[in-house]
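Sharing a structure, written as structure tokens. Questions coming.
Here the chain labels run A, B and C in written order, and each chain numbers its own residues starting at 1.
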Amino acid sequence: YGRFGLDYNENNDRVGNIASGALNGRSETNITSRLRLQFDMSTETDSGVTLGARFRAQAESRDNAPGGAAFNGARFFATYEGFTLQVGNIIGAVENATGLYLETRTAGVGIDGAGFESIVTNVNGESFNWDAYSSAGVGANGVEVLYAAGAFSGHISYSEDNGLPTSASRVAANMAYTFGDWTGAIAVQDSDLAFEDKTFVSISGDLGQFGVRLAYADNDGIDKWGLYGNMDIGSASNILVYVTDEDAVSAADVVAGRNDNRDAIAGSNNREGTGYGIHYSYDLGGGASFEAGIRESSWDNTTVQAGVYFSF
Amino acid sequence: YGRFGLDYNENNDRVGNIASGALNGRSETNITSRLRLQFDMSTETDSGVTLGARFRAQAESRDNAPGGAAFNGARFFATYEGFTLQVGNIIGAVENATGLYLETRTAGVGIDGAGFESIVTNVNGESFNWDAYSSAGVGANGVEVLYAAGAFSGHISYSEDNGLPTSASRVAANMAYTFGDWTGAIAVQDSDLAFEDKTFVSISGDLGQFGVRLAYADNDGIDKWGLYGNMDIGSASNILVYVTDEDAVSAADVVAGRNDNRDAIAGSNNREGTGYGIHYSYDLGGGASFEAGIRESSWDNTTVQAGVYFSF
Amino acid sequence: YGRFGLDYNENNDRVGNIASGALNGRSETNITSRLRLQFDMSTETDSGVTLGARFRAQAESRDNAPGGAAFNGARFFATYEGFTLQVGNIIGAVENATGLYLETRTAGVGIDGAGFESIVTNVNGESFNWDAYSSAGVGANGVEVLYAAGAFSGHISYSEDNGLPTSASRVAANMAYTFGDWTGAIAVQDSDLAFEDKTFVSISGDLGQFGVRLAYADNDGIDKWGLYGNMDIGSASNILVYVTDEDAVSAADVVAGRNDNRDAIAGSNNREGTGYGIHYSYDLGGGASFEAGIRESSWDNTTVQAGVYFSF
């Protein structure tokens, strides 16, 4: 798919992209764009197992930095009835948890996600510290098993990172169950790396014209809550609003080397507290839509983005 | 498309590719080749706007250096009736000016363009100092609007380079109008970077079997003229000849830090004066052709190239 | 095609991948995978010459190192009747010699070739020191001519490497002739680089259910023999066994700077002597197969690999 638009970020003209940085001679408003081409290949054996693989080539321009495209790491799979085994650049069980991402085409606010501040497992500057499919890099190089049957789905993933002084592993699992209009989901991650143990719970309701979702995560001691609602307006528009609240890190963790997110502490990233956003989508037909969004992060950073998003 | 052939450059066996360089142990004759694969994607909205994107993967071998392929930066577009808006790796209004490039498949002489010495906006070692679509890199990351209606076409482009200490912008525009067999065109560029302001004028005539073109550019004070003629021979052959004349840089600009192209000055690049070339093309059918060309640059460098060029 | 599986290599947990290395904190068993996408393009001229080109994008994970995909260097060709001219990332006449590689889908043992110890032109840690098509890099940037007519085939290749202090060239040729169930082949390489002159001879028999092959190479003074046999079992299975024997390097070559492969010499790579392996393949249908193999190299390194291999 492709997407392009304008991104206003009040800190883009500051060194280090922080409000206290010196002016860097750049504009607060920049082009943000992505073009992604996905290659899917598969074949089926005589016994009914589907074997396949996927990789992507993606070109991005974000926050002043245009880029060429590169292939990512490949993911391989074998599917038999409800079971799927995947190897390589895996999705990851936390990443794939039901009710984690926003119900927008960009899975976040605006045209490029705007930092994905809306996700309850992103806290304290420790973003995306779980195994996730990488579109631009080589990914987790792990193994995972997915299973789906009727209203139930489950997912277990495992990866081992050989690139470190000693190898470190991440194990994660998720489950989801749908009863009527509501879906409940849970995900956990156990990691050898510091401050990465996570528990995630969500409950989502799909009530025809309205959608509502409540999500909570314990990020190795830092709680974050999110409440999300969206509504169809007419036949082509949808509007989404959300609010999140992030707790403070414990003083003991900071002493142990963890980032500090506490408000009113010198050197802190100030991520403690409330963030919110609003996103508007208008369907242009032919797989294209107009997408616009504003969000105020819990560290008081404002972004405004608008653009078009289209599939081929 | 693909193309491959042999390139004789009298300075390829010299360090720095200059005639006064020491022998570098290499051959004057080398393989030159390019393989380019273009990915075009588009969709149309209900209101008749076409949205799309393009990127390319290209592998080159030129002047002793074989290369693998890489994707370039993406270009996005929205087209509605005669108007086209493009974002990202834009074409650029100077690059797209009518009557700028040679009337050959390679847009220059020989099989790889041979340095594109024939173009009147390339002077004084300041080649391609305008916004142009980049097949190998990320390009200008700008915005442009194109318009065409009947015999008229126009094009305005804007880019801002955030990669510099302070951001620098380039604005360019072109217009062309066709009256009968003749087309007149003009292009201008205004740049924040030194010595990049340009004015380009061309008049081209398509007289059945014959083609003739006169082009002139003022390259921030350095004039360059070009006169070009080509003729079909039989049903499959075409021969093209050209001559260019480049003026000297002013002494004041050299003092201000500009390259020196004056003949008989020590340390000069000697690009002042006359260059010329001849190119022959033979259509092999099936989208393939044999292409050969010789050119003598204004700095007395001779190249001879021959090879095949084919589309898929 | 794609392939993925597990690779046990007894030295993967050792620094430098050698048995005497310190433990490196990694696992002996790792994921090995490759996803390759090939782009082939061609056109035909009116006179019946086919012009075309090929490049590949390939993502690999091998021996603890996952990788993204990159394009390789392009190869161009022109084919007319039995003759083919190729330019760029050429195959190479030694690489293309009949009877050089194992009769498996991976052309080696296991799922990723396991170091291709079975090939008689790989000796003394001087692996793949001939011109060969490169799937991940730019390759040899050479020129070659192939000819085939009935039972006869021949191939001459030439490349010149401009990347070195002085340019170095490799010339190679092969011939093969099939008489009934048997095929004899010979290949030679003459190189400007040290210790790369090679002579290769093979005789292969295709006896219905059974295949047998004897290969020999003189690797600039180091002889290596290989004996290979494979047998179909039932309709879907095939089993292959081989044994190789590598001679010692001469003391004079070691003094002249060549690697030392002699057993019981301090600092030697110990590649002198006998290596062997066994490979099992089971056809899963749909272009997919299960592949497994064990080999013991002449330097006493054991690998066990099993996985699936599939084409699209």
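As a convention for this text, a residue touches a chain if its C-beta (ideal position, glycine included) is under 8 Å from a C-beta of that chain, and two chains touch if they have at least 3 such contacts.
Fair warning: this is a prediction, and the values are worked out from it, not measured in the lab.
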Arrangement of touching chains [line / ring / star / complete / other]: complete
Angle of rotation relating chain A to chain B [CA atoms, steps of 5 degrees]: 120
Interface composition of copies chain B and chain C: same or different, split at half: different
Chain centre separation in whole Å, for chain C relative to chain B (CA means): 42
Chain C, residues touching no fewer than two other chains: 57, 70
Residues on chain C engaged by chain B in the complex (per definition of touch): 39, 41-47, 49, 51-53, 55, 57, 70-74, 76, 78, 87-89, 137-139, 141, 143, 160, 162, 165-167
Complex contact set, residues of chain C against chain A: 2, 4, 25-27, 30-31, 33-35, 37, 57, 59, 61, 64-70, 284-288, 308, 310-312
